[in-house]
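Both of the next two complexes hold chain A, though its partner changes from chain B to chain C.
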Partner chain A sequence: MEASAEISIERAKPGLSARKSLAGLWSTLPFVIFLVVYLIVPRYAGESQLTTFIYIGICALLAVGLNLLMGYAGQISLGHAAFFGLGAYASAILVVKPVPGEVIPGMSVGVGVMAGTAVLISLTRAAGWRLAAALGLLLLLSGLSRVLPASPIVPAAVFGAVMAAYGRAGRIGWWKAGLAGVTAAGVTSLSQWFLDGTLARGGTSPWTGMIVGVFVTSLVAYLIGSQVLRLKGHYLAMATLAFGIVVEIVFRQWTAVTGGSSDGIFNIPTIQFFDSIPGLARRAYQAAAGGQVTMRGQYYYLVWGFVFLAVVLAVNIVRSRVGRAFRAVHGSETAAASLGVDTERYKVQVFVLSAALASIAGSLHAHNAGIGYINPNEFNFMVSVQLLVMVVLGGMASVWGSMLGAAAIQILKNWMLELDKAHHQFLGLTLTGLDPIVFGAVLILVMIVLPQGLARAIGDTCSYGWRVMTRSRREG
Partner chain B sequence: MELLAQVPQLVVSGVTKGCIYAIVAIGFSIIYSSTQVINFAQGEFVMVGAMVAAVLLAKTNLLVALPTAVAAGCLVGGFVALLVLIPIRRASVITLIIITIGASIMFRGLAQLFWGESAIPAPPFTGVEAGGYVEDREFHLFGAVVRSQELWVVGVTGLLVLGMHLFFKYSLIGQAMRACAMNQTGAKIVGISVRRVIVASFVMAAGLGAVAGVVVSPVFYAKCNMGTALGLSGFCAAVLGGLGNFGGGVVAGIILGIVESLTGGLLWSDYKDAIAFVILLAILFVRPEGLLRRRAEA
Partner chain C sequence: MEVLVETRGVTRKFGGLTAVNGVDMRVVRGRTKALIGPNGAGKSTLLNLMTGVYRATSGDILVEGKSIAGRAAHEVAELGLARTFQNVQLFENMTVLENVMVGCHVWTRQGLAAGALRWIGHWREERLITREAISKLELVGLADVADLPAGSLPFGKQRLLEIARALAGRPKLLLLDEPASGLSTREMDDLTALLKRVVSEGVTVLLVDHDMQFVMEISDEVTVLDQGRKIAEGTPEEVQNDPRVIAAYLGAEAK
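Showing the complex of A and B:
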């Protein structure tokens, strides 16, 4: 075995560059296949199949993001539906149902305080009581800023001065706290201006909604992640679970902004994908699809375009220095830290990245063509569990596997919907609402039988079959 | 002034809730000490007990309902223990977390399949028959109305905590479990079967949870999705009191119940469900190292 390996290396040496370029070609092959399939699907698929594809795409986006966090960096998150929901609600609220005037000051202060705290954390890595004290002070100042004159310079100056004084007192350096104060004031007035403008115009474009959603979600993820990711194992799982439930309760109860659980938000317009890209690209898409593309087809192209970008991003991150750092953190955090990997920073980065992907998926879900309706039930604990099932089923630490998992779960869900409609009787029980049982069983079985996931299992089977076949040919 | 008049009533309902949190917290502690696993299905044990009891109490009496419910709970606990035991040698923390989550939602789904999605009301243990249904007796105490069922909850919790204490101090299995919690290798060397201890601790935690479910089912209605919230609040109490520390868990559970009830009743009634989780997040934010200190030293 070893000898043959050495021989192959010896042989490879002369044509190394040719081999290398071949290997490069080989590794881009999946992407090429992906692109080709992506372009020609609307040519053959009907409307209902396109709808399924759109759902699979949204789930794939979520699963790829969560897999970066769970599979590569080894940090569990049971609250990912919260980020999905934040993205969806941010874009739906901004586009359809602008924030009512009386909520705007409080909300912009909230965003400002979050931004200020984020700056404080990133500069000082402040923890515990120090952070709590700073947060309290920021909130107090935000209340004060409403009384002060409307020009943003005055509150910014007051913020900066008080926070600088706090910085000296709290021994975290005056300029860091001052910068946090100025950022808080700046972001507060910025978001107030933005929300006022949105209210005056009666809504923004979906793209703006998506971008703002990503910004807000990343901010929240940074704040939560920088604190929560210090925890390990069970504590981390429980903390993310608690976070997810709190966010869901806010969606449910803050009816002035989110519409609550009985109404939800409806009539969310879809994104006209072809209207927002250059004419050349539009004609290329139309050529690939063979003629006119329906609204749903356009949306399919949009969603899977994002999936393609996310997969390229994920694969490249995994292969890069950052990806190696993630895997080092997964293997052993202590060892990684002792080798000079800034474990805390990498963990927070991957958390924010996966939250941002979830937020994009949320916006895409909210603007889904022909549906345009969201309510809090779509972002509850069960959704987080479904995401977990997708990642686990597809295989942790496998980007392509999470797409496989997303597709499998979505198809399973479609089947169960049909089962629900059929109202089968079994032992006197009506078989409806089987999702939790099936997902629970899948989770347990996969963890016990194939902990590496479906993608790895298929790959192993194929390579085993290939070996058996080539061996028999060589011997025969 | 009107708000302050509500305080005694809120404290009473807080103590009732807190007792359940305390029992769930003890369940977490029992399993954590013997396996180092946080069992995400802990709240589901309470749910199973409450559902079985609620269904049976409507037809029969307590003497049938209580043993059946506890037996059902123990069965579920034993099942989860087996699921955790199969891969425990090669499993990472994430694997075990995912398995217990899977078990948790599976049982929730089964309960929903068998008993439906709506809440099931149960008659109180001791009460007056009045026009077809049993009405609870009420007492007045410091301006609050105390129902006899709430006394039952407090009394049963007290008994269970006392029983636990005696069990771990004097019985052979209890001592074996304590030995396992201190040092698993050492326990193996002196001839304790760690696998049996793990199964025993799961069954015990589940039985406790089921008893809690039975006594609480007349106060809060039994519902198939009550488990997640109860589990998280109980975990919050367990962390507050220190994982593995039974007395601390009980005190923390009752305090948590009172705080939740007071803040929910007086300040933010819209967000009363979120209070326990916010407290949990705040604790984990502010003192992550304090919570892990015991493990780091070991």
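Showing the complex of A and C:
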């Protein structure tokens, strides 16, 4: 502590303005390096390395989002794979596997009720609306049994019934209940119209799929988050864990829509990235890559473009009014509230943001070049744990660390795959399927050896080296 | 005589224990108020009730005539109340400056998108926030440690930082929960000087403490609580000589 105090005072000497501009320069440097590396990788990397890079990029998106939630706002999520999966399935279903006609009414009503509930929760914040949220989710699932008639009147009627049952409409104000009902009915008709159109066309473009995925995932995250984020510590971990498992079961069991666990969804087309950007940008990319860019190279550019954007946004958010509010919630909720920070609101905000990033990662995963296949196993509990390990390994509350963590875990996973293929024998045991053991060991090791994570360890090493160097120069 | 905060028969029960029992109290703008009493008198509970951390079991609390019943703590802060805590509650994961910047939250408006995309509004507001935060740090004398992690400060400075953070919200009323406990004599003198300055800048102060000398030096009015009830009220001199107060402080045999 004392050592750092000395440094800061030393740095403070040259005067505030000079220090500021220097700091500004330093803080843009990582972005410049990132951008340059981003552009020239396909020049040197082969196809298989590009595949690894694409996976790392997808994980980096997830880890950056999860880090905003865990590292900065201090809220845990053990169900993040669910949001990843929601994005992936929403994209895949809308693009290649047009929703079967008979579930469209139920599905639309479900989305409508969820939207209405979200409006109601945001307007009233009354704890009793937990029930309404549960109802919304139940209705979405009941689309399965096709019991609901196709009409926007249904969700409006549901809201009427819930209001009457609770006798609350009068107390919370009729216009709030009314607005919720109208939203529910409106979103129902909208999604019915959209899904019918999708069915008629035989699928949407991947971009539409991605946007719809983000919308649906954010909606689900808002409903879940607004209820479970009242919990703290272990209780929140359990609630998000349960949510993740429930969603995975839906992916497995809702065969009509998701293809179930044996088939999954396949033949998902990749996103033709170069076709959807201006010619000038395309040529710039080609120049950077040194000639023609393969399908996989293009996809690499797309994924890491998203990572770059996410990192910029995350770094900006962290150093803004709302980002400070997130970190204040982490530091002390009581103190934050006493300063006018609406802790509940910001917790939900960061939860939804992190879910939306996970959803984008999911869409990118679904459209991965040359893979084009998803199944429920890719979104199970183990994946949530791996995401957690990435964030912790990279460093909590470090955006750049999340990328390091994602890369380290992805490379480790590749090694494990090689090991699985080799079928080594050790003391009469075949060394396969060791992933859980290895990830567990990594998590324990990190907690003991590098509790601050890789990014901090590297940073400390560099600054130590810098101090040693400058000291020897001063003395010599 | 403009009443800033008024409690009307406020009672708070925790299970079988009545921590605050039918307390009527007024905080007048510009007059430093002290809330004193022996341990367990209900001083901190009353402070927590006034800032919306706890809800009153019965009775009402008005801030400039508006009831705070049913308002969450952050909504009470928006009415112009800022506070410090008995066990200092800093954001230890942030720097000293950032702590004070969070204090500006209540009068700033830029949202998530503004911060993420760095709109013009973000820059303008960020400049205001930084300027305000630095001026508050200068006020309490912590400007030279602005970039240190808040948790690394010695205890006395953490107390000052908490006050700076509360002041950054430009409150009408500053509520201090035992600001002098754990401070050395010299730090206490600094605190007294600081509070006098704060008062001279137009912020009304309500402080909870049991250090009589400290309280007598800076307050205009004193309310004494004992076992949840108000037992005396008046100027420091009046209260000091009140037999009930002496009894409460020194025990029954002092009669």
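Going forward, the second predicted complex is superposed on the first by the 414 of 476 C-alpha atoms of A that agree within 3 Å, B and C clash if a C-alpha of one lies under 4 Å from a C-alpha of the other, contacts with A are read in each partner's own complex, and residues count from 1 in each chain.
Rule of thumb we're sticking to: contacts are C-beta pairs under 8 Å (C-beta built on N, C-alpha and C of every residue); 3 or more make two chains touch, one makes a residue touch a chain.
This is a predicted model, so every value here is computed, not measured.
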>> If we overlay the two complexes on their shared chain A, which of chain B and chain C does A:Leu61 touch? Say first, second, both or neither.
In response: neither
>> After superposing on the shared chain, does chain C or chain B touch more chain A residues?
In response: B
> So, A:Pro436: does it touch chain B (first), chain C (second), both, or neither?
Replying inline: first
>> A:Leu388 in the overlay: touching chain B, chain C, both, or neither? Say first, second, both or neither.
In response: first
> Where does A:Ile409 make contact in the superposed view: on chain B (first), on chain C (second), on both, or on neither?
Replying inline: neither
> So, A:Val220: does it touch chain B (first), chain C (second), both, or neither?
Replying inline: neither
> Counting only touches as set out at the top, which of chain B and chain C does A:Leu94 meet: first, second, both, neither?
Replying inline: neither
> So, does A:Asn316 touch the first partner chain B, the second partner chain C, both, or neither?
Replying inline: second
> With the two structures laid over each other on chain A, which partner does A:Thr343 touch: chain B (first), chain C (second), both, or neither?
Replying inline: second
>> Which residues of chain A touch chain C once you look at their complex with the stated criterion?
In response: 1, 4-5, 8-9, 11-12, 313, 316-317, 319-325, 327-328, 330-332, 334-343, 349, 353, 397
> Which positions of chain C touch chain A when the two form their complex?
Replying inline: 51-53, 72-74, 77-78, 82-83, 85, 89-94, 98, 101-106, 108, 110-112, 114-118, 122, 125-126, 129, 144-145, 147-149, 152, 165-166, 169
> Residues of chain A touching chain B in their complex?
Replying inline: 70, 74, 76, 78, 128-129, 131-132, 227-228, 230-235, 237-239, 241-243, 245-246, 249-250, 253, 381-382, 385, 388, 392, 396, 429, 431, 433-444, 447-448, 451
>> Considering only the defined contacts, which chain B positions touch chain A in the complex?
In response: 37-38, 40, 83, 86-87, 91, 93-95, 97-99, 101-110, 112-114, 117, 228-229, 232, 235-236, 239, 270-271, 273-274, 277-278, 280-281, 284-288, 291-292
